[in-house]
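Across the two complexes that follow, chain A remains constant while its partner is chain B and subsequently chain C.
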Partner chain A sequence: MAEEPVVSSANDDEFKQGSEPGACRNSMLIATDSYEDIAQYLKADVCQSDVPNGKSTSVVGDADDASETSTPDQTVKCQNRVDPEETSVCSEQCTQYDRQEVSSDDSAVGDNSEETATTAVTETGQNSPKETLPDISCINRQLSSLSASDGSPHSVDTDQVCQPASSDVTEPSVTAEEYLSPELDYVHSAQWKNQDKHIFILSKAGKPIYCRYGDEDRLVTLFGVMQALVSFIQSSKDSIRYIVAGDHKFVFLVREHLILVAIAQTKESSTHLLLQLTYIYNQVLSILTLSQLGRIFNMLHNYDLRRLLSGTEKTFDNLLNVMNQDPSFFLCAVRCLPLETSVRDTVAQSIAQNAKVKDLVYAILITNHQLITLVRMKHYFLHPLDLHLIFNLVSATESFKAAESWTPICLPKFDSNGYLHAYISYLDESCDACLLLLTVDKDLFFTLSDCKRKIMEKLTKHHSLKAICESIRRGNYCISEAGIPELRHFLYKSRSTAQFTSPKFEVPYTAEEDRQRLFRLYQHLHYRIHCNSRPLKIMFTVGEYETLLGWVTSGFELYAVFGPLVTKPLAINSINKLLKWIKKEEDRLFILNSPTF
Partner chain B sequence: MICDTKLIMSKKSDISLVNFFVFNPEFGPKEGEEHKKILFFHPPATDIDTKIKNVGLCEAITKFTGTFTDRPCQSLHTQKLRQLFYEPEPNYWVVLTVTVPYSTKTKDGQTYLEYHDEDVQDSVYEAVLHQCYKMFKSLEHFFSKYLITLKLGQSDMLDVFNGIHFLPLDKNMYLRIQCFINLLEATFPHILYTAFLYQDQLVWSGLEQEDMRVLYTYLTTNLFPAYMEQEFQGLKATSSSSSLTSLHSHYGKYILGPTNLADESSAGRIPRLYINKDQAVLECHLLVYKAHSASVCLVIDGNYGLMFDLFKRLDKFLGPQLSALASDIGDYYARKPQSSSESQFKYVYFNLMNLAQKTSIHTDSRKLAVTGVSPDVIKLISDLNEDLTSCHIQDGEMIIKTWNDCWVVCKKADQREVYIILNQKNANLIEINEEVKKLCASQFTNIFFMD
Partner chain C sequence: MAVIEIKLCLLGDSGVGKSSIVHRFVYDSFRPYMENTIGAAFLTKTMIVEGRTYKFQIWDTAGQEKYRALAPMYYRGAAAAIIVYDITRESSFHAVKLWLAELKRHASPNIVLAIAGNKNDLEDLREVSYQEAQDCAKSHGAIMIETSAKSAINVASLFVEIGRRLSNLDMTMSLPSSNSNALNVNQRTGQDVKGRRKCCGF
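Entry: the complex of A and B
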């Protein structure tokens, strides 16, 4: 191949691993699961829990050093969040449940084998002997009550009788009449039904936990039906995945203690919807931890989890909104704030030197869902799934802006059973950058607060703060900077670093509607390319409004958009130019080295 | 794609039929009367509780989705099964359940089953279900047999197209056939419609497109293969039946109709075909007559009492003429040079307007043999087809390189779709594009594709 591959192949041999733009230079900053691993993780059986089992999650980076690295303290005591609206929740957690070391559930660690599924099903039966197998005719009667246009009184009766699996315990304060009649209004309201994407979280017993639109209490029957469908199909040793009806998909994620359901008419693939449900499930874990969930539901399988989650609805709402427009979630990658290498290095140095505290695991500087820098403890990597939860927590919590905060957070990919304690503080009132210091020690607030002060001094002294503010203010770059007129927009993900870059949305994607359409096109392209059983290397599609090119190699993933009339040679030429441009800019767009304390 | 070295995968299990049933939730609304909802259930040996449970679940699923959308429920994906739903008339649900293939995997010493959900494509099995329904409606008598002969593992985009292979003929030959059919219909006025096939390819049909589609599926996937089988067996055994043909000095005989024209009892029951005419369903008799490789399907008015005499008169008319036509078509094809570029590429072509389909992937229309193309690539074509359909793309193009370096190019223009598979590992996108341009110029000259 010639040295200058001008109109060269879309041939993946061209970029050998390590030389493609954005490839990491030393050990990884962020742990990467390939998308296929995540897809595999999504396919996991109903009864398979998310308890990390060795290599499948990349909590621990170097397998060789596995013995050396202790798993984070699992007995960490939950702290009262400084965040005022959440204080009550957490204190309740502390008083109600005596924390005890919980060994990870052995039966749950297994792979999704037939055997495991079977045993786990029987186990659930033993744990909650009151649970009865749902009778399908009862479900149907419930459904009739949902679809009946007149809230005839007899449906109320049957409903109460047929409340599946939890008929023995009904919420004493709410009578059937009270919730049923307003519910009928809901389910029959076209506005409610026509929402693009409903999300429901419920307990295994069918208790409502969260719904994106409306009031859970007025949807009790619907929650009951969803639970009944799950357990009815489970009773024949199978598990429900999703239902398709027209443009609607009804996707179920069944985890050990929770059932999550997405009802979407967005034409997203079931894989993508399942991934979103996984993010939401992880969001629940990040508030409660898996072991706490287990303890609660083992004690009271009919427990109303809303008591522990009240005040956190906003994080769920925010997560759902962001997932609908930010490609970083389906790419399982992180976007970095463009910054000169020298500045970024100085920032990292300032943090590393001034936060030399024992038990400090991560120091993360972020802004608006972008990573500025990450300093980590040796051997501990941060998974993109976890980092997104941190991004979300910060962007959803206004009160962090007001004062320094101290909050427990569980990072499910890091350790789904324990909390890390996060010191959270914005750098400066003038600057939208937020510093997080994550530790396993619950008593470090004042130490870390002191660290932050010192870090701030350093950043101010080196004018790094100014540079960061400048970059945040400037916002994302324009496609015109790459100097490729044919190219409208692109997403480029470096697979080894799990980072990606993309320019602003510009004409013709400035209107919300067009941007959404492009987002869905990207999602679809991503889905086809990463299809589990039929993965692709290249997909080039010419459509009515644009031409799309997806190209995946072992080192990178590229999704590019051109006008509908672009010729293939021109498109390939542009891609080659783009790769060169990214290579040139890689120091600015990606974080290529990974500082440790 | 990126395989764990410790991962061992066994061969995948096949996709097989679990059940097929028809129900109406309005029937038997009272408790204890659920069985009244079931109108048809295959396999018939299923116990009543299982039947009721199955119907109950479908009812729940369809009602559940109904609270969110007015569009009917289409499919239920579970880990082990796939269920397809079709509501052809209000409250009448037709349901097909198939297994999801699995393979045994061993990872780090642990053995488990992995289910391949994406191997069962909704679009393909929905098409199979719709075909089943049409078959159920048009040719009820042989429906159970049809279900058993379904080769679900081999279902692919041809089921989605559900198209027809046409036989291209020159003007003279075509007019001769047309003339023959006109004469036939004029002589026997009770014949409502006629269709003429050569081997598995359609030459002429007077039926509505939709009815022809069903009839064509029946003929090519069931009647012809079964007859060939029988013929093959018969040839080995005796040549007793050939006495009939030698008597009349032609090669014509009924393959659907009386087996022996000397014996009135051999007529048996003539199957009924239900066809659409002026928005009403018409009950007809179906006869199929064959000479050499040519077959004529006769759709006769159902009100007309079939007399044995008619069979004899038809035989006398059809026998010599059809035999002559068949051998002439055969000669015509023997003279025509075969295209030699077969080996370089494979293709599938479909035209929605006249339902014409052509394929070089399948060696015959029964899909018994698939040549040189991996099943995943065939599934990929269905994926692409689904993309075209679901996005309502009128004109478009897709070029794809799979993980094992096979190229698939799909072009759609004006309701015509063509999928070309090229096994050129080292080619790049631009070279493939050039190659396809050349192919289209030489092979699909009469089709206009945008570049």
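Entry: the complex of A and C
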């Protein structure tokens, strides 16, 4: 069973900062933000745009705890026993916060009839609850006026409207025919309701822009409600962050021109959901840039942004799918293709020497969400958030395989207001590696095309191309290579380089379902360790199917999974062995130097 | 033998089949579910017609509205432009007229224009009559041809016709210089002025 987190003092010293596996050797390859920085950045951005009177704001993680513990049925997905004890760890904290219940009526959620409380958390709610938190009657009034304008006669309950999974038993007076207008019928279809995670993007004016499932046009009323919730709380100089209702969590990201909403029943923490919304928001910026977005909405408040985003739905869908299975997103780190140092150096040199072009900012060679090498202009770093957008663009666009492409792309962390021009071309038909050359000069296509030809010649000459193809074909390494029998799987992130490594999924995580469960466990472990109100250094938990160990130092983050019967000393011993193995293999698993043009 | 290099670009609404036409021409293949083009794709194809070797350098642009502002980058240096519409979609033909107007104003005056009515195999769903398109083309002095990338109708002849017209044009304008074996018929109207941006305001 779960134990209290143990803070180790002895092991910490073993790897002094700078000498841990995968630590960068000279200058950084990729600019790094720690997870805390990102949480901070999210918080700062939200506050700055929405709380003009400078009221002190609660920390994202703090209030998170309150909500995390306020839902009694909160467990890690798929009957994992890790949770109940863990929640008690933080319970002392949550008593400090007065939870404000927006709706206190116990409504049946979905099919289960458990009691659920709807908790809304806003930016300033903690400090001045009376002033800032709307009472339920206000919201009800607002919503019923909203629905009245739609022509439906009945009053709407908060739960019912903003929660796709709520059942409509509370309004017996409404006949089925009246209720089942095509839109509502659609929203109440089991298939739509039972989706694990819904993502919506809407404009400040409430115009639908994107939804993960279904057709935006049929969900207009739902978008209206989301906009109403946001603007209602904004009218009291506050901003909504999330609502917890039973199994569902509604997370809001309010930016200057857009509102993004995640509705999830995946048990992910709101910080993680917020991070995902930020990725989605960055994806929008990467297509349009912040300045263009501002120009459009300043000119035409109710512009239908779908016109400009048409054809990019696939990028969003792909991003959301990948975020649900790839730990690199919540780790804010990049995975590198395992490659011998000599090969990687040759590749980097071939690129650096043959792409000496003025105004070329980055040359990136990637394959299937993994970085092969990155050559950059001096003084310019690439942020993992930006790199993930590039990975996503390439993996979502089959048409790059057919021809050389030339497209503008905005990297929000690099410059959210301008485009870089990207030359995109796969190296070879037989090889899944894609070369991107990013420049600020829009007339460089033919120059860069020529560079690519020369790079290809060099790579073929040095047999690097063959080595890359071979490594791609072989895929990720097996855990057995580390020679630690009790270890099942791990994630290791080197914080200074923002790179991470993990072995391939093997038994017992070969089935999609088990892989998903493991992913959620990692997410949960990550969340608990980085929880702002109570950050942990080491966390050891025993579940029904596995034992988890998380260890964070200033140099690295390690999340390891063992069999359920592994004891604490054995686990500690194993990860020390693992660290030694990673140290030995670091040249292959990480990119430790940072070539420039 | 002189190689005649022809730089051309394809324009037109999203989903009319620009990429499909190019794929049929370059690879002689057809994908029923073609993806959206991102930005623009560049392809080349060399073919020999009537003893002349043509090297086509093709810019296949994306049709979405957000890429609209980038179009000048591709048609400015081009010797020919193919404006594609979908014969089963009236609105896409309307866009052809807008493109013609834009090219008239901003492209090189000697640019060879071609209008391609794609999806010619879907006769049952036709919304744009052949005559209407023909009249429109005539008034602009453009080549007009109905194609089908799916059934490979008229795709090659579209490009051949452009090549023929360009080389005739060139013959009448100037004789090829004897010492060069590559004859360039790109009708560049002077290098476009480059406003070099500094590295993104840093």
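Going forward, the second predicted complex is superposed on the first by the 450 of 597 C-alpha atoms of A that agree within 3 Å, B and C clash if a C-alpha of one lies under 4 Å from a C-alpha of the other, contacts with A are read in each partner's own complex, and residues count from 1 in each chain.
As a working rule, a contact is a pair of C-beta atoms (placed from the backbone, for glycine too) under 8 Å apart; a residue touches a chain by one contact, two chains touch by 3 or more.
Note that the structure is predicted; figures quoted are calculated from it, not measured.
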More chain A residues in contact - chain B or chain C: B
Who does A:E544 touch here: chain B (first), chain C (second), both, or neither? first
Which partner does A:V375 contact after superposing on A: first (chain B), second (chain C), both, neither? neither
Between chain B and chain C, whom does A:L465 touch in the aligned arrangement: first, second, both, or neither? neither
Output check: A:A363 vs chain B and chain C. Expected answer is one of first, second, both, neither. What do you get? neither
Of the partners chain B and chain C, which touch A:P535 in the superposed model: first, second, both, neither? first
Determine, under the contact definition given at the top, whether A:G311 touches first (chain B), second (chain C), both, or neither. second
Contacts of A:A348 with chain B and chain C, given as first, second, both or neither: neither
Would you tell me the residues on chain A in contact with chain B in one complex that are also in contact with chain C in the other? none
Touching chain A in the complex, chain C uses residues 14, 19, 23, 27, 34-43, 60, 62, 64-66, 70, 73, 192, 194, 196-202
What part of chain B is in contact with chain A in the complex they form? 1-2, 31, 34, 53, 56-57, 59-61, 63-81, 107, 110-119, 122, 376, 379-380, 383, 387, 390-391, 393-403, 405, 426, 428-431, 433
Counting only contacts in the complex, chain A reaches chain B at residues 7-11, 34, 36, 43, 45-46, 110-116, 136-137, 139-140, 143-144, 146-147, 187, 193, 198, 222, 225-226, 228-229, 232-233, 237-248, 250, 263, 265, 267, 270, 524, 528, 531-544, 554, 568-569, 572
The answer for chain A against chain C in the complex is residues 287-288, 307-312, 314, 359, 361, 377, 380, 393, 397-400, 402-408, 414-415, 417-418, 420, 422, 440-443, 445, 449
